[in-house]
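Please go over the structures that come below.
One chain, chain A, links the two complexes that follow: it is found with chain B in the first and with chain C in the second.
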Partner chain A sequence: MNKVMSNKWMITLYILPALLLLLILIYIPLVLSAYYGLMEWDGIGNMKFIGVGNFITAIQDMKFWSSVYHSFLLALFSALSLLAYLGISLILASNIKGSDILRKIYLIPMLLSSVAIAQLWIKVYNPTNGLLNSFLMAIGIDNPPAWLAEPSIVLYAIFIPILWQYAGFYILIYYAALKNIPESLVEAARIDGASPWQVAFKIKLPLIKGVFKVTIVLAIVGSLKYFDLIYVMTGGGPNGASEVMASYMYKVAFRSYDFGYGSAIGFLLLVITLIVTFIVRKLTVSDEKELQY
Partner chain B sequence: MRRLGYVVLYVILIIIAIVQIFPLIWLFLFSLKDNQQIFAKSPFSLPDHPHWENYLKAWQGNIGTYFFNSIWISAVAIVLTVLFASMATFAITRMKWKLSKLVLGLFMVGLMIPLHSALIPLFKLYLSVNLIDNPTSVFLSYTAFHLPVTMMILLGFYYTLPKEIEEAAIMDGCSVNLLFVRIILPMTTSVLATTVIINMIYNWNEFVFVNTFISSDKYKTLTVGIQNFVGQYQTDWGPIGATLMISIVPIIILYIFFSNKIVEGMSSSAIKG
Partner chain C sequence: MKKLKALSLLLALTLFLAGCGSSNSEVEKDTASSGGTKTIKFMHLWPEGTNAAQNKILNEIIDDFERENPGIKIEQEILANEQYKDKIKVLSASNQLPDVGMAWPGGWLQPYVQGNKIASFDDVIDSDYRSKFVDGTIEVFEVDGKTYGLPTDLNIAIVYYNKQIFEQNGLEVPTTYDEFLNVIQTLTNNGITPIALGNQERWTGSLWYMYLADRIGGNETIVNAVNRKQSFEDPTLIQAAEEIQKLVDLGAFQKGYNGATNSEAESLFTSGQAAMYLTGTWALPSFTQGENFTQEFKDSVDYFKFPTVAGGKGNINSFVGGNGGLFVAENSDVKEEAKRFVKYFTEKFGERALGEAGIIPSYKLNADDYDLPELYLKVLKDLNDASNITLFADNIMTPGPAQVHLDMIQALFGKEATPEEFVKAHEEALAKEAGE
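Let's turn to the complex of A and B:
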């Protein structure tokens, strides 16, 4: 038995296809992005080594920092929205009839492509004929804003479809976690005279703390990677007001053909994501050994 | 009092449900209208008669080609992803070797990595082996980037498979390959179905790789094709709506038939256990 299942050839045969793809198409490119960041390169011609020039440019580039700021703002919004999702899940999981179908309806936007969602919401936000402004004008608001053309509100306007898209996903996760709580625990608390609020805050929420922490990491790291929706809805505009790290990197590389600088930004995106992941993990891990989810 | 509270909560839940699907219903409505109705009448009005010609127009505008490409590129990537992920999960959870924990860690860290950081080097790699504007670059990328999440879904299931079965099989002289193909894979069909469906959704919706690696119309998939189409028809809302509907409907149909699998896959792709 042991001999058969520890045969080196067999192990290599089974792990190699996946491992090679992982290394060649993910890990090596990640390392190379740091290396290409040291080059001046238009994507087609020869590379020229210029040292850390691109990284210094990034540090002094206000457009880069504003894209970092926007990414972090979206991460903050996403983390805060988890509280709303959690609230909805608490209601949904408290023996509501039809909770199964409701939760499945909530999930629908999550299954659609970000491109389709972006195109749909461009129409929703259309200043004159869109769903939103038609509604606002119908209830008597005369000059509703052109949501995606207004630098001061565009980032919030973009966050609404994100909120809409991910709602079902997080509700699903919290709902599953809440349903995992043994009924006997909740019942015992009720018999001891605990109110529904006390049951929710003293019993249910502490029991799903582990899951909540995982979702915080997911939401924050996920937000730092946002691209499709923003690229399609605004292309980072107007005037950079909705530019995020990934969209800025894409623009520098594939629109301005500055692949060296684009690689440098891509590498900084990786470093920032890893640092944030590390910090959020550290902050959300407590002393006691948590349930491993 | 209790009853009233219950009703209020119910109303909140139902309003959220309406918010979640209303934009899609609105999309369906305007995909059946002509511009005159869209611009002159209330957005909440029903179409005077369904303008199915919008769908015809969309289909003629290359959407057929994009649709077909989405299907076959997704399918190839799904086969590769699910096969390689199953093999790797099998090697990691059932075979005995020193580095298995480390290799598993490499795959799991892959869940966190922003693909944009790898995009330019990937572009250069494909350029140097002549795979730019070739669908191979797209399905290889889909496979590599979806291996981690597929393995995450498979892992929980593999850990619960009883050891006795493979012990008995090996005792009877069964080879590793036979054990994997004849015994392990059939035992995992239910979780395999979940990974297939989840990958189907991911691949169908993917945008960046196609947008970056593919330039010929004949290889583009729906997500990128929609972008082209919208660019051409700018103010013609009906056909744009029809195009979006064509890209959404297959996923909705999938959801109607496999909602339990999708719900299961979505939650286990995020959280172990």
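Let's turn to the complex of A and C:
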């Protein structure tokens, strides 16, 4: 086996399929989208080279910047929600009664397709017949808002199902990490007289720090390029109040038939995501040898 | 390069739509051997599940055509509306358009014609063919004097209302806008939602604006403004926008209309929770015969023409509407056969659509020949008397300005933009598109 693995040709052969797929599916389109970003192109007719014109348009485009702002808000909320998920997993992992069934309940949203979740929450948010407003009216709130129609509320209203959708995923990751902590460590701490709080904060959390960092990057990057629920539930509306970068890119490219500008936005989305990932990595780096991602 | 272009577009698309559930496209492959037979690829939007009647006629016409033209096979691919539009765009970038596909006039058509992607029908249609169709339904597919599509169905927008709610509140069908405002006032006073509107989709609110613009400024004004023969900042177009906001202030639309989908609005209306609903005649088959609605609703649904505005230039017999059609790809290997098929199909479809599927075709018909629900007869009669059909806004505008229009519609209904800002945004977008 060692002989095979030291043969350069064999190594090349083994990584080639994955490398080709990556190149064709990710890197070539990526370079091309940067290239199209320099063109004026409706996606149908001929392309015209306009240099950085599309990028200048983007910089001056208030709608683009408000979509960037909304994406960052989503990233912030996703990152903050991780703390809540961590708390839940700590409780679940401490062998309480019914933790098995609870874990499955938390995981269910992850098993649903985004469109199903969107349809479900559209019904929950229905201003007159929806579950939420019916409940609010039942407890005596006279005029509950129309959640998806109010420009000042819609973005936050839509964050809730997005966070809910991914809760199970992160809880599962934390749960698995916590279960991996050797029982002997916890046992030893207890014998030394550590309280449950101390066990959680001094033993368990430091041990899953690496996993936590990974999830922060996952949550932030995932939020910045988020698309599905927003596309189905509001289409970015009303009047751009819930537009994020990816939904704006889709709208420009496929609805306004401006593929050049759409590609430019796509490229900017990539650049922004890369920069943010880099910053998050820098902020969370420590001296210890740790999980690389 | 072309291949790469297509590939990356396709990827962009698949990546984006991957999250949107499984695609409901179905490909019906012909098992017949291709030896000597020519295959016409036909992409359309009428799946058996949701458009059973259309699908049945379509298959029968295709069977007839194949029988009369031995050696030609029609291969179908069926998609949903938005997916179809996206896929056609991606395919056209790689010159792989289906031989025959569905087309919409005006703004949708233009980029394809300018990109030289679709073929003109001038060599296959004659005055005899033209005379069989309602005036204007072929002409909407003309670009620079050439016809790039042949018409299939025809739709106009009408104000559906619930007779039962009107009777209970002692209301009469309004013919003037003042009467209409009165109806709204009475209904809101009695705690009933006057109008169901699903303005998340934006074209729904656009119908209201288009009608008001038509009734106040006449049918020429908005079309001329779009075609740059005059400014969009016309007093009548501002007034139409003001009227929209007055309706909003009156509480004419249900709560949360700006975030509601069209199907939510439709179910409000069909369940009797709203008194009126403005939409196209495409709703007629389900409103009269659909299995999803109660008999009580079917008995109480009726419609009226959009009322006239006092002092306005518009005529009550002018409608907002539009028709669909079929195109043939310019680089098709079977272009001649495909054109022949489209001509054959549109004529046969025109003859059979109303009687067998309840779809109003662009084809001239004699309403007396059909045994139809009363509502249909009324629509057909009104169509015969129609003085003008103003195309849907996203049909007269090219895609860029159309998106500005649709966004501004949401802003106008949400009172985030004043009527002046509304027309100004249109003017700027249209001027930019025209390169002024």
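General remarks:
As a working rule, the second predicted complex is superposed on the first by the 271 of 293 C-alpha atoms of A that agree within 3 Å, B and C clash if a C-alpha of one lies under 4 Å from a C-alpha of the other, contacts with A are read in each partner's own complex, and residues count from 1 in each chain.
Throughout what follows, a contact is a pair of C-beta atoms (placed from the backbone, for glycine too) under 8 Å apart; a residue touches a chain by one contact, two chains touch by 3 or more.
The shown structure was predicted, so the numbers you read here are calculated from the model rather than taken from an experiment.
For the composite obtained by superposing both complexes on chain A, the positions of chain B and chain C are in clash.
Residue contacts after overlaying the shared chain place A:V115 against chain B and chain C alike. Contact with chain C, but none with chain B, is seen for A:N239 once the two complexes are overlaid on the shared chain. Once the two complexes are laid over each other on the shared chain, residue contacts for A:I160 go to neither chain B nor chain C.
Of the two partner chains, both chain B and chain C are touched by A:L32.
Once chain A of one complex is fitted onto chain A of the other, the partner contacts of A:N46 are limited to chain C, with no touch recorded for chain B.
In the superposition on chain A, A:I11 makes contact with chain B only, not with chain C.
Within the superposed three-chain model, A:F254 lies in touch with chain B and with chain C [touch as defined at top]. Touch counts on chain A: comparing chain C and chain B, the chain ahead is B. Within the superposed three-chain model, A:D228 lies in touch with chain B and with chain C [touch as defined at top].
By the touch criterion defined above, A:L205 lies against neither chain B nor chain C after alignment on the C-alpha atoms of chain A. Only one segment of chain B in 93-101, 183-191 or 201-209 runs into chain C in the superposed model, and that segment is 201-209. In the superposition on chain A, the residues of chain A contacting both chain B and chain C are 24-25, 28-29, 32-33, 36, 43, 113-116, 128, 227-228, 232, 246, 250, 253-254, 259, 266. By the touch rule above, chain A contacts chain B in their complex via residues 1-2, 4-8, 10-11, 13-15, 17-19, 21-22, 24-30, 32-33, 36, 43, 88, 91-92, 96, 102-116, 119-121, 123-124, 128-131, 134-135, 138, 164, 167-169, 172-173, 176, 211, 214-215, 218, 221, 224-225, 227-228, 232, 245-246, 249-250, 253-254, 259, 262-263, 266-267, 269-270, 273-274, 277, 292-293. Only residues 4-5, 7-9, 11-13, 16, 19-21, 85-86, 89-90, 92-93, 111-112, 114-117, 199-202, 254-261, 264, 268, 273, 398-400, 402-403, 407-408, 410-411, 413-414, 416-417 of chain C touch chain A when the two sit together in their complex. By the touch criterion stated above, chain A contacts chain C in their complex at residues 24-25, 28-29, 32-33, 36, 42-46, 113-116, 122, 125-128, 146-151, 154, 227-228, 231-232, 234-235, 237-240, 246, 250-251, 253-259, 266. Listed in rising order, the residues of chain B touching chain A in the complex are 9-10, 12-14, 16-17, 19-24, 26-27, 30, 38-39, 42-44, 83-85, 87-88, 90-92, 94-97, 103, 106-107, 110, 112-125, 140-141, 143-145, 147-148, 151, 166-167, 170-171, 175-177, 180, 201, 204-208, 212, 222-224, 226-227, 230, 237, 240-241, 244, 247-248, 251-252, 255, 259, 262-263, 266-267, 270-273.
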